[in-house]
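Here the structure comes first, spelled out in structure tokens, and everything after it is commentary.
Here the chain labels run A, B and C in written order, and each chain numbers its own residues starting at 1.
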Amino acid sequence: MKRKSTKKKQQSLFPSSLEVVEEDLNEKALNSSPDFTMKIIETESGQRIGFYFLYSIIKPQVLYEQIISPVQKAKKTLDIQSIDNMIALPNSKEENKLDEIGKKLLQGAVCIYIENDQTCLMHSAPLQEHRSIDRAETESLIFGPQMAFTGSIETNLNMVRNMIDTPQLKIERFILGNKIPNEIQMMYMDDIANEENINELRNRLTSLQSEDIMNASVLSQKIEDNPYSFFPQYIVTELPDRFTYSIKEGKIGILVDNSSAGIIAPITFSSFFESTDDIYGRWIIGSFTRLMRMFAMILSITLTPLYVAALTFHYEVIPEALLLSLGESRNRVPFPPLMETIILETMMEFIREAGARLPTKVGQTMGIVGGIVIGQAVVQAGFTSNILIILVALSALASFTTPDYVMGTSLRILRFPIILLAGTFGFVGIFFTVAFIIIHLLRLRSLHRPYTAPIYPFRFFDFDQSQVRVPFVLNKRRAASHLPKKTKRKKKTYGHSLFKTKGKDIDE
Amino acid sequence: MKNPVNIPTHLKFRASYLFFIIFNILIGVGIVAYPSRVFQYAKQDSWLVLILVAIIVHLILAIIIFILRTYQDTDLYGILQETFGNWFAKLICYLFIIYFFTVYLSALAKYTEFIVVFIFPQLSKFIIGFFITILIAYSIYGGIRVIVGVSFIFFFLTFFVFALLVVPASMIDINNYFPLFEVSRKEVFEGMLLSTYSFIGIEVLWYLYPYIRNKEKTMLYSQLGLFAATILLLINVIISIGFFAPKQLESLIWPVLGMYKIISFSIFERLDIFAVSYWIFIILPNLILYAWLITRSLKRIHQIKQKHSIWAIIILSAIGLYFIQSSIKLEALLDVADISSIFFVFLFPILLFPFAIIKRIRGTKK
Amino acid sequence: MKMKIKKFFLILSIVVLLTGCAEERVLEDLGIITTAGFDKGEDGPEVFGTFITYKFSQQLSNVNSPIHSSGRTAQDAFHLAFAKTAKKLVTGQLRAVVYGPDLAKEGIWPHLDTLQRNQFVSDLVYITVSEMPSREVLNAQVFEEAPNVGIYIYRLLDQVIGKEEIVDSSLHEFIKNYLKVGVDPITPVLSIEEDRVIVTGLGLFQDDRFIDTIDLHEAFYVRLILDEFKAGELQIELPTENYRQFMEDFEPSPEEETFEITMQQIKSASQISPKDSGKYHFSIKIRFEGDIRELTKELDLESKEVIHMLEKDMAKKIEENISKLLEKTQELNVDSLGFGTFWNAKFKGDKKLTEEEWRKEYPNFQFDIDVTTEILRNGITQ
């Protein structure tokens, strides 16, 4: 009902005088914005032309040089069409509806109106302040291109386009958010990505009922399969090279405006332990680091629980060589091992969180104070045993090897329930939780695709790109876990005869 | 066909996973006690008994698959309905459910017994059992995909526990195996009867068959799974015979866990404690599959949602565990499972076999 | 679905909180026994126990203060010790058990059985016998860098067994040999010398009764027959007479009738095969090879003749020593080498030895010993 009444009013907007238009726009469409401005120009032929805009989101240079000055210089009588021809900017549109004009103005458009005309002309000259292309802050690389996505979707798309410059890169555009709309772009390789995945993701995006989309991380959590899970089900990355690599492998990427990260879907558990560095480096380094990260992950969630379980229940398993030093350092500690470990692990989390929240320079001091001073004092005061300090530090270190920060944090927090169960049921508790985690991982899906692939469902030929990395010569197929349309890569041709590595025999 | 089972394609799995399912359901708690149980009858020729039983089980497995193939795309309930009618099919399936539950409960009770004996003598079995049932319910909620996944992943996790038996294997006494073929036929037969309990599990196919995507490979992979389980049992039996003195082996209740007692590494001693806790990975797929069988057959007979019947299993197993706290009652339960398994696993397929043959003959005549 | 997961976590946490936890055995609250010694008590059936525990304090770690207690059985003695220490005594880290000679001569099975039944005791515990009462052995004040004398004994036995000087004598081995028909257990014998614990030889058992000791020289031959050597060492006396012509100093002092030869890096393999010829007959074949490490007389080792003679003479000497050892065991009627099991593994039915027959017949067993030796290298000097 309300809408109808505003529509009636709209029709009475034009034709009218410039001042009336100004008042109507500001009161009804823009909710009295202080930065709403009107600029009136009188041409030689006596026409009064009004320019309406919000000066905070308009590029002044464009406004004056491209829009106002051509109109000012005009000699003959003008109409909407001739003004449009004068202005050399793309994306012009004629509008006569009040709320449409208001919406455009808020996106950085200029409204040009000739007094007493039937419609007005909209030209956009938006000013978007973004940080320039910068180094990635949360994911850092050794070999890769040292740049990260910025807040502007145009710049991000520009980067992606430059990296994948084929027409096969298909981009679909959505405007999401009922209250505050935001632009979202879904992109994939038309000839590789799986149709079902694309449809599924498109459905999820279009059926998403949300007031607003803050950024990529928020969006990724809103379209997850299991929102209650400990584990992230999409990778949110700020590295354009990782983003484009995944797209090239047949996955789907999502860019969100005003967000300096892209979403990759669908993914598997093991892809959280992969970094593009593994691809840039030699295959043996890549394979080694990937296996090492997996090992570090297992270590980081089981090391301190094993300590708690062994010291609380299973003194039998402690080797003779370790028993005395463990006993001696434990002898001064007043708490049971469970308490001791939880205190120290919490302390470790304090240091990490404080380091993350403080400015960089202070953060470094934080590490020194936390790590060295407190660590030293804690042992000397008989608060914890020094072996536990080593174990906690080691498992914290191991958890930081996970390239994905969100996954790393999830795993670190996962340690607490395991410690708790280790402190109540010993090894039985640890293995119970590990079994629970495995079952949970098996249940998880990313875009309806199994999370634990390629281990289960087992695909032997996918291991060359997930758990290890084989030399490119051997890597002839795309990972089949997400059912890409084409699995075979293009056959490699070796141009010059010198590059022929294999003959019938040596030196032939 | 009277009652075909239509399983949506995305729920079907490749036949190769049957290898892991069959292997896991055969290797459970039974393997821990098996070497000493069979040794009481067959002495150093236990391995021979095992091989003889394995051959019979291979045949029975072939019969089961033959029957399932004859009736196509249906499970035990559908087959019985077609051959004997509604009423009788329900009766047999109920008996099967009771049997499944007995096996399930005895396995659960036995694992809790391990923990109580080896690690926490004062802990109530009830709590451990409760924890395990939570895991079972959680994986059954994930559906067949998760159940197969658990079997698959836990297979690899359990592999290295058995690999640790290399240490006791290096300490065996060759003299213990000789002289060969000393036992009498009667003892061999008694040993074979006793070995049946180690081979229960192949009946999982009765309900799993409709879920297989490429059914023509069923025979290959399930036989391979059975073969792998037999090899593992055989290895355990052989190492146990060589490792223990004959009298010692007879007196031990769980010789396989006993062998872990002598494994010790420089950073981790007393692997028996580790092994007992780790056995959860061996026992879980087993229990999950049996619990799934119960819920699945209930669903087939009465359309009871699996979501609901799993809670019934949890409550019933809690009550069951409460009543079998002592090991004497547990032994009684195991005996029931033993005796009933001879009927349900071994005799039942043979009884059904003629009907399948008749159906085949009729089918070809048409 | 969502509610179910919540419910699940709720139930889980409630269970954990309500049940509390399993019984705790926190490391520093435990009196962890490393070695236990058992002796015959003063009056009647009493068992006198000595227990060595860990002390988790650097100031106290060099003082040896065993806990003593007595009871009707070994388990009883252990149980009654709870009132003599502020810590909870546990046996999960037990490394060695020492039985005093009085107790061992009466039979140690009743005391071993409790160890076997206790699931917390490792099967790798060393079973040993002492020459003097075990409380004296465990009272030794010198134990090098080890935290206590119990660990010292454990490391000592580990080292000696690792060097292939004596056979393994874990709880598992002892029980296995005790329960098997046709073999008797062997254990190391401990003694005390200048306030430190030493290994003096091997104790021969008849069933579970300690009978006699053989010294470390003889112990070598026990290993030679039972096990393979991978890197052993042996010293043998040979008569000087035969080698006079090869000796480089032509005027040997006449009083030295023999000289010593030491072999090292010995590799050996043995084969025992019973033969049925109306009697209990065994052939023992031993292959033996190693390097010469030491000769007390200079010999011309470059000549093949000398090497051949040495090989032959050594073989003869080893055969002699083995038959001496076997005669000794036959006199004592202890089949420590397990010839009975070899017999029983070959023959079935009536020919099989029962326990009584084996005990009765063992002194009449006949052995053919055949040793072949080979000298691989002469060491690094000519």
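The rule we apply is simple: contacts are C-beta pairs under 8 Å (C-beta built on N, C-alpha and C of every residue); 3 or more make two chains touch, one makes a residue touch a chain.
Since the model is a prediction, treat every value here as computed from it, not as a measurement.
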| item | value |
| --- | --- |
| Central subunit by CA centre of mass proxy | B |
| Identity of the chain that, by mean CA position, is farthest from chain C | A |
| Between A-B and B-C, the pair with more C-beta contacts | A-B |
| Separation of chain A from chain C, taking each centre as the mean of its C-alpha atoms, in whole Å | 66 |
| Euclidean distance of C-alpha centroids - chain B vs chain C, Å | 42 |
| Centre-to-centre distance between chain B and chain A (centres being mean Cα positions), rounded to whole Å | 47 |
| Multi-chain contact residues (two or more partners), chain B | 119-120, 123, 131, 138, 141, 269-270 |
| Residue numbers of chain A (touch at least two other chains) | 313-314, 316, 318, 320, 425-426 |
| Two or more partner chains touched - positions in chain C | 22, 92, 122 |
| Chain A to chain C touching residues, read off their complex | 228, 311-316, 318, 320, 323-324, 326-328, 330-331, 333, 336-337, 420-421, 423-426 |
| Footprint of chain B on chain A - complex, ascending | 313-314, 316-322, 425-428, 430-432, 435-436, 438-440, 442-443, 450, 452, 455-458 |
| Complex interface listing, chain B residues touching chain C | 117-124, 127, 130-131, 134, 137-138, 141, 173-179, 182, 244-248, 258, 261-262, 264, 269-270 |
| Complex interface listing, chain C residues touching chain A | 2, 5, 16, 20-22, 24-28, 30, 32, 54, 56-58, 61, 90, 92-93, 95, 120, 122, 147, 151, 154 |
| Complex contacts: residues of chain B adjacent to chain A | 13-14, 115, 119-120, 123, 128, 131-132, 135, 138-139, 141-142, 145-146, 149-150, 152-154, 265-270, 273-274, 277-278, 280-281, 284 |
